[in-house]
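These notes concern the structure reproduced below.
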Amino acid sequence: MSLGKSKSKSATPLIASVFTGVGLKQQSLVYWLVIAALALVGGLIGDSYIRHIFILVFIWCVVIASWDLILGYAGVFNYAQLVFFTFGAYGSGMLSIYAGLTPLLAILAAAGIGAVIGVVIAMPSLRLKGEYVALFTFAVHLALPPLIQQGRAIGMGGNTGLLGIPWLNLFGYQVSPIDKLTWYWVSLTIGAVCVYLIYFVILRGRMGLAFIAMRDADTFAQAIGVNEYRYKLLAFVASAVFTAVAGGVYAHYTGVVTPRVLGTEFFLMAMVMLAIGGMGRFPGAVLGVFIVVIGNELLRSFDDYRLLLLGMAVVLTVIFLPHGMAGLFRKRG
Amino acid sequence: MTQILEILISGITQGAVYCVVAVGLSLVYGASRILNFAHGSLYSLGGFLAWYLVADGPGLPLWLAVLLVLPVLALTGIGIERAIIRPLRGSENWKINTIMVTLGLAFIIENGLQLVFGPGTRTIAPFVEGTLSVGGITITWYKLSIFVISLALVGALEFFLSSTRYGQAVRAVSQDMQGANQVGINVNQIFGLTFALSVVLTGIAGILLAPVFLVSPLGGWGPFLKAFVIVVLGGLGSTKGAFVAAFILAVLEAFVIFYIGPSWAMPAWLLMLIIVLMIRPKGLFGVWEN
Amino acid sequence: MTMWSRSIWERNTMLEVEGINALYGDFHVLHDASLSVNKGELVAVVGANGHGKSTLLKAICGLTPVKSGVIRFGGGDTAGLKAPQLVGQGLVYVAEDRRLFPDMTVLENLLLGAYLPAARAAEKHNLNRVFSLYPRLAERRNQLCRSLSGGEAQMVALGRGLMSDPTLLAIDEPSLGLAPNLTETMLQTVSQLNKDGLTVLIVEQSLALLNGMIDRVYSIEEGVLRETDTDNMQEVL
């Protein structure tokens, strides 16, 4: 009750700015200016290794923005985010290897696969409460690697992974993974569009309004007829679709997908990004990606301790910086 | 017929140990509504500490190793509650924050174990050898003894909860926290106590199962998920429920392993989890959840 | 009171609240509330719902934080003390919503009242007292509290408070959810306990219920506390 009281106050200006469209134009403009600047930076960077790091950042941004959508905004404790990524990567890779689909089409198809997987995981999850959802979805995550090994029979490559995934073909132009500059722009474009769709279109539309209403005043939201199940299902599907696209892009960039994408390192990285960035507070999560990917590269020399440090980073940020970097900019949210 | 009986017995002995892991998980959830994602890693921690003392380091006898490991586990539990759970209490996103920190802790423990002891699996030699045969049914003495020890542990916990002052305080906190505060129970102290007991229970289970399942840094996720399925089927917070559920599920697992294959055990548990959550989200005996 | 010298008055003051403020979220619930309870008194705080009665009682008993002001119990400042420590000193709260442990028996609930060492020493004596006060609880001692009627639950709540061996019992709206005849019996019991020497601070919605049993009364309106003459109060209500 006390929470409802204090929260509704702080939520009022938020709702106003988000849904009367005030500031949307300016903020979009700022967003695309930043993207343009990043595109320019890509041309200026000479070092292909640094370009590679940025390519990873852009791909991660899509995953984390999608996770933020479902976890931070919709408030569904989904921990199967990398499952969507894995399905996107394997799906897109296999469709281009075995069905001869051109990679761009395969990535599009991966989006479709993501939608299906999203629905499959959302349906049982949305019948459960809070931490049950977390456990169920994480269990799915844990169960997938053994299944991928079983999937050798259908050409998933088992432990060695899926090899020889075709290069991206941009309207006749073959983009080799060594061509970091093109990849930089491709991944930036895809990443920028996905992140824009998530934060500026989906979350500023009816769905975003519904989530804010549900988060801050659950009974009120039900009273005004917000169909919680439908919106959460949609959030799940949208989240899965974007993440699967990111998986597809990743597959064609690296040329290889192994069950390692479900390993501890990726999962920890994703958690740290969200924790450090801050959930449900754009652009926190996206900033978290930049900090963590770059930080992780700087930690390469401590290789043995890296995962331990990442784990500690999760715990420490949640305790000492409960709203992540986003909380530093905005005192109250 | 003998074969089916043997599978049944194997399932039942296994179930008793799962039950120990499960009641530990359930105890913490009941008192503080925290699903401790590091519960499985703490299971591995118990196994590793015992393995170090028995097989790798000073080469102590197992009983002495267990005696030394117990206080370490209890202090670990208290430390976890004090250092990473209590600072979050009363925070705005309490639920998601506790999920994040306990998951983070799980990874810290796993990677810490891997750093200190290296990856790969370890084993502890069983403390009794040989088998017992009755009417054509064979069972190892070891499995029989861990069955008895596990039952004794669960029984002791049940006695503690029902018949001692601190145990009653644990139940009181689980059922009504403000009410507990009102009668003078130091709620934080009880949270610490439940964490200590929980870690001790899962750690002992890790030691008991070391000769059967081996010990590895990542090996705790299996027992954790199984414990969770048991707790969900039995009803969160119900020791009685966990007891019944552990046997049902472990017997099912034993049949799956025998008839379909060991690699299907985990998928089978997940399937059971889904079925249980769909049919009885409150579990068989969920009493603490109001 | 006027006939007592100041030093004696001080010695007899069991609870003294001076200018406390309390917030509920961002909502200012108590404004500079002051009140005192002397040894052996039965003091009432009367006011409508939502005016801060419960918050006042919870603040005194260490169950809700106080923003500013001083609370002295038995002569000592209670700042920084939480409910468990105050219970140990004899300041015991009985909640309006009972706060029983639903899946424990009546007896277990009562015995938990004597959880702290100080109360444990008097456990047997207090249990006998509760059972003689409420023979019904003795009959139902092994029944789960979940299955009790509203009146019985209130008996357990009061009984559990007595088991804590209080020097001051703070009772929060005991009539809540009770039928009129049950309320009357309940309040008569409280009055009897007071006559037997227990100091009581009680909160109620209506003064009519407390007719003739209280020593002093405060009215509370929108978080402002005021000592009132019982006769004046009668007219106001």
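Each chain carries a letter (A, B and C) given by its place in the written order, and its residues are counted from 1.
As a convention for this text, contacts are C-beta pairs under 8 Å (C-beta built on N, C-alpha and C of every residue); 3 or more make two chains touch, one makes a residue touch a chain.
Since we're looking at a predicted model, the values are computed, not measured.
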Identity of the chain that, by mean CA position, is farthest from chain A: C
Centre-most chain [mean C-alpha coordinates]: B
Rounded Å distance, chain A centre to chain B centre (Cα mean): 33
Separation of chain B from chain C, taking each centre as the mean of its C-alpha atoms, in whole Å: 42
Approximate Å spacing (C-alpha centroids) for the pair chain A, chain C: 54
Where chain A touches two or more other chains, by residue: 3
In chain C, residues with contacts to at least two other chains: none
For the chain C and chain B complex, residues of the former touching the latter: 61, 63, 82-84, 87-88, 92-93, 95, 98-104, 108, 111-113, 115-116, 119, 160, 164
Contact footprint of chain A on chain B as seen in their complex: 35, 37, 84, 87-88, 91-93, 95-97, 99-101, 103-108, 110-112, 114-115, 218, 221, 225, 228, 232, 263, 266-267, 270, 273-274, 277-278, 281
Chain C-touching residues of chain B, taken from the complex the two chains share: 165, 168-169, 171-172, 175-176, 178-187, 287-288, 290
Of all residues in chain A, those that touch chain B in their complex: 3, 71, 77, 79, 124, 127-132, 134-136, 138-140, 142-143, 146-147, 150, 264, 268, 271, 275, 279, 304-305, 307-308, 310-315, 318-319, 322
